[in-house]
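The two complexes that follow have chain A in common; it is paired with chain B in the first and with chain C in the second.
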Partner chain A sequence: MSAHTDRIARRSRGGGLGRRVAAGFLYSLGLPFLLLVIWGLASSSSTNRFFPGPLTILEAFRETWIGPAFVDDVLPSLYRLALGIAASIVIGIAAGTLIGLFRPLRELLEPLLEFFRAIPPPVLIPVVMLLLGITDTMKVVVIVSGAVWPILLNTIDGVRATDSVMSETADSFQITWWERLRFLVLPAASPRIMTGVRQGLSVALILMVISEMFASSAGLGYRIAYFQRNYLIAEMWSGILLLGLVGVLLAATFGVVERRVLRWYHGIREVNRA
Partner chain B sequence: MPDRSTLLRVEHLRKVYESANGDVEAIGDISFTMRSGELVCIVGPSGCGKTTLLKCLAGLLRPTSGLVEMDGQPVTGPSPAMAVVFQEYGRSLYPWLTVRGNVELPLRHKRLSRQERDKLVTDAIEAVGLAHAARSHPWQLSGGMQQRVAIARAIAYQPEVLIMDEPFAAVDAQTRADLEDLVRELHRTRKISVLFVTHDIDESVYLGERVLVLSASPTWVQEDLAVDLPPERDQITTRALPRFTELRTHVYDQIQRAKRGQAVAP
Partner chain C sequence: MHVFSIRRPRSLRKVMLGVAGLTGFLVVWQLVPTLGLINSQYLPYVTDIFARLAEEFRDLAFWRRLGHTMTSWAIGLAVATAAAVVLGTIVGLVPFLRRATHTVVEFLRPIPSVALIPLAVLLFGIQMQAALLIIIYASFWQVFVQVIYGVADVDAVARDTARSFGLTRRERLSYLVLPTALPYLMTGVRLAAAVALILAITAEMVIGNPGLGRMIELSRSAGDSVGLYAFVVVTGLLGLLVNIVFRFIERRSLSWHQSVRGEEVL
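This part shows the complex of A and B:
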């Protein structure tokens, strides 16, 4: 049999990996650093008190956030954010799979979903506040009310688009319903689901901040609004800096998870490009 | 000749696709039987409803009328007695599973112990010559190797009949010859019954013990031809036999008649 001489394509690995990582690191940090320098130079020659220099902001960052404020404001915010994201993912994928698989359900719900999706989630805050009070639950509900849509809708589309030959293969081998879900439907939809999750993450971060600005006595959003109202400008900027860092951290975590979950998907694209 | 009981019986199979622009009769009236352990090739002009026929046999499509019987039992849906190898290997294998995972998947719901399942999987992967690639993903393999994975998945399922739908239409000629020999070898060493659908006349004569020539759509069986070539076949000597040339010329003529619509329905 000649199969033993056939080659198996492998992904390129090693060979100056360390150097490439270092170069990537330099590239990604180079521009932010340059901008900081320009900002520093500009602010040192400016008298506008709303734009303090980066060093002042860094100083404020250290004083404001490293210490009890981290426990009182940052951790609760992150906790609600994590809870909101987790709930959005679970609800979005579970409901999306059901709706995507059952055609009558889809036809019944689609107009309704379009309507709810079109409502900007911040306007729900007063309603949710009336129903649930000013609680953690209310903030998590607000986060979910916005972040769940991209995940839900992408999951519906992904589940619907299961390849016909793959389905027929499952049929012909009499794969059980559960195995079909686990080994065919969900993996096939996973690229779409991950796209939805990526969009959901940024919505969740925005809603975390907004839900705290409305009615709250703690949290990142509350702090930033508080600093702004009290003309603590450097502190306000440091809060924005912290939010940006949370966003970057979120994106990086997502990137790691995505590369793991969609290893096959990126592998196929790499092979097709080669 | 060993005793070969009837495995698959098809009687007056008819399939009409209903559409808004009127009904399309894909299959007119097909009847044939296949004995256990046979390798039967089905060949016909393009567009004659080969794939439709195959899906009806595999229980993936409901025939409009007629009967498909497997071991005396009517086929109403997919059955564990059949395994299908599709033409589009790229869309039939699951890219998120490894070669091993793909071969193992259909066995998960069979009541087998861990060891039995592992043994079946390993054995099937070795039988198609892919032991070295078991942990790779399908997309890392060439087209021919991917189709070997699909064949391994089918034989690990231990069906009574292997149904192959133009399985080698999308691979290059050299790989195709290797895969044809693989099918012959699996059929001979494992006594697997094979129903092989193809549009390639040479392939049907080289592989088959019998060749069913289909007419143009609406389809019936235009000829049921026994291939009296020696059971030991290889690409060079068998294809050089005068009898091989006679048979392929005969099938070719039949297909040409089918295309021109000159053959008369029985």
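This part shows the complex of A and C:
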């Protein structure tokens, strides 16, 4: 109700479309620009060599990452990240659905899963290293071993919380086991699953970086640590910038996918709120 | 009455199954190296790990390391929460600020905090401040985002009512904004507590400031696999403890709130 009146009020007050677009543009880019200018001024007037100006960092970014380093360091990292995320999602949803649907199994595994979720994921890096040696497989397994838990546990909760009226309706219509899974259980659990995936994504990115800082001679995390150890300050900042971009890109991609998958869900919520 | 009669045997069964699951896991773990499926050098016997844990728990040095880890965790969490509550309330209450900071927040928040480890090392060396920088950065966003949502979630009717009753700014903050935002804040703090612990231990592993994380890294490089697994178990228990404590605090401080009361009725 109020959102609706707000919107009408804004439209009648806001003037033309062009002005609104300009205002939105100013709002979204004003502060970042201001901060960059302040940073630039501060770094050019100070002697602290740990904080180079934004232009220096941008220059280092161009020199460091655009070229062979992109193929040698960035792409393999992103490939392992993607592989780890995909495996975590598949394993998490499959195992989570199974555990969520069978109550005895859930009760059997619950304390164990709580414990595994509570282990800080980076701690598993040395363990996986011990079991698998320092290989690419190890890095993917590390990512999975951390990112799978939020997806798994959220899927279990989501599957469990299927609306009882709907599941009784499904029972009385005697739909098959597969149809039940496809049209009732998974859609009902999907908001929780997406929450789990979002948490899993940030864990996966952290583990990608740490596993490379820890045990690697290539990759994004290794490069950044290498620059720091050799006091290549601007290059190190450019690496942080690149990791930030990867994080933003990951979050944006997730946002698009989530909106598609949960379009019906957001629709229902909006109707309820209005 | 009949709620109890249903619930009790079910919860007893639940506990028994849970214990069975845990025992089963430990037995399988013990059997894997016994049967030689994985060399016990890489996957040590459970019994050895328990013996090692008992030994560590009697050692004062262990508790000192635990103290280091928990100190940086507590300081980091407290600073991040305080900063996030103040800034989140201000930004959340002023629509202009909310719109203006949106891009910056959306860019800074997804930056993995571990990317800042090299910077932290440059600035502070292998001291606790380096770990604190990373802990605070990571846990700040968890609370900040929740506080912004919470403060903005004030019911429009309640807000207009408060205004027409002529409540002062201060009264509105404590009777309107705080009760609305508190559930969000508690969720944020619970998430931040878990994240802060993860980064406290990660920082010790990578940077090498004293604490449990450093012991994990030292055990690994010394080839002490029993010690490595024992410390991993300790961090898991610590994580479990933090989760339980903060869930308890959340329930206690929100005992008046629908979400908690509703659960008890059902």
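Heads up, the rule we're going with is that the second predicted complex is superposed on the first by the 244 of 274 C-alpha atoms of A that agree within 3 Å, B and C clash if a C-alpha of one lies under 4 Å from a C-alpha of the other, contacts with A are read in each partner's own complex, and residues count from 1 in each chain.
Everything below uses one rule, namely that a contact is a pair of C-beta atoms (placed from the backbone, for glycine too) under 8 Å apart; a residue touches a chain by one contact, two chains touch by 3 or more.
What you see is a predicted model, and the numbers here were worked out from it, not measured in a lab.
**Student:** Just chain B (first), just chain C (second), both, or neither: which does A:185 touch?
**Tutor:** Touch partners of A:185: none, neither chain B nor chain C.
**Student:** Quick one: classify A:165 as touching chain B (first), chain C (second), both or neither.
**Tutor:** Touch partner of A:165: chain B, not chain C.
**Student:** Counting residues of chain A touched by each partner, does chain B or chain C come out ahead?
**Tutor:** C
**Student:** With the two complexes superposed on chain A, say which partner A:267 touches: chain B (first), chain C (second), both, or neither.
**Tutor:** A:267: touches chain B, not chain C.
**Student:** Of the two partner chains, chain B (first) and chain C (second), which one does A:141 touch, if any: first, second, both, or neither?
**Tutor:** The answer is neither, since A:141 touches no partner chain.
**Student:** Is A:234 contacted by the first partner chain B, the second partner chain C, both or neither?
**Tutor:** Neither partner.
**Student:** In the overlay, answer first, second, both or neither for which of chain B and chain C A:175 touches.
**Tutor:** First partner only, chain B.
**Student:** Using the superposition on chain A as set up above, list the residues of chain A that contact both chain B and chain C.
**Tutor:** 1-2
**Student:** Flag every residue of chain A that touches chain C in the complex, lowest number first.
**Tutor:** Residues 1-2, 27-32, 35, 50, 104, 107-112, 114-127, 129-131, 202, 205-206, 209-210, 213-214, 221, 224-225, 227-228, 233, 236-237, 239-240, 243-244, 247-248, 250-251.
**Student:** Using the touch definition up top, name the residues of chain A that touch chain B in the complex.
**Tutor:** Contacts found on chain A: 1-4, 6-10, 163, 165-166, 168-169, 171-176, 179, 183-184, 187-188, 190, 264-265, 267-268, 271.
**Student:** Spell out the residues on chain C that touch chain A in their complex, using ranges where they run on.
**Tutor:** 13-14, 17-22, 24-25, 38, 42-43, 99-104, 106-119, 121-123, 156-157, 197-198, 201-202, 205-206, 213, 216-217, 219-220, 225, 228-229, 231-232, 235-240, 242-243
**Student:** Touching chain A in the complex: which residues of chain B?
**Tutor:** 55, 58-60, 78-80, 82-84, 86, 88, 91-92, 94-97, 105-106, 108-109, 128-130, 132-133, 136-137, 139-142, 144-145, 148, 153, 157, 178, 182
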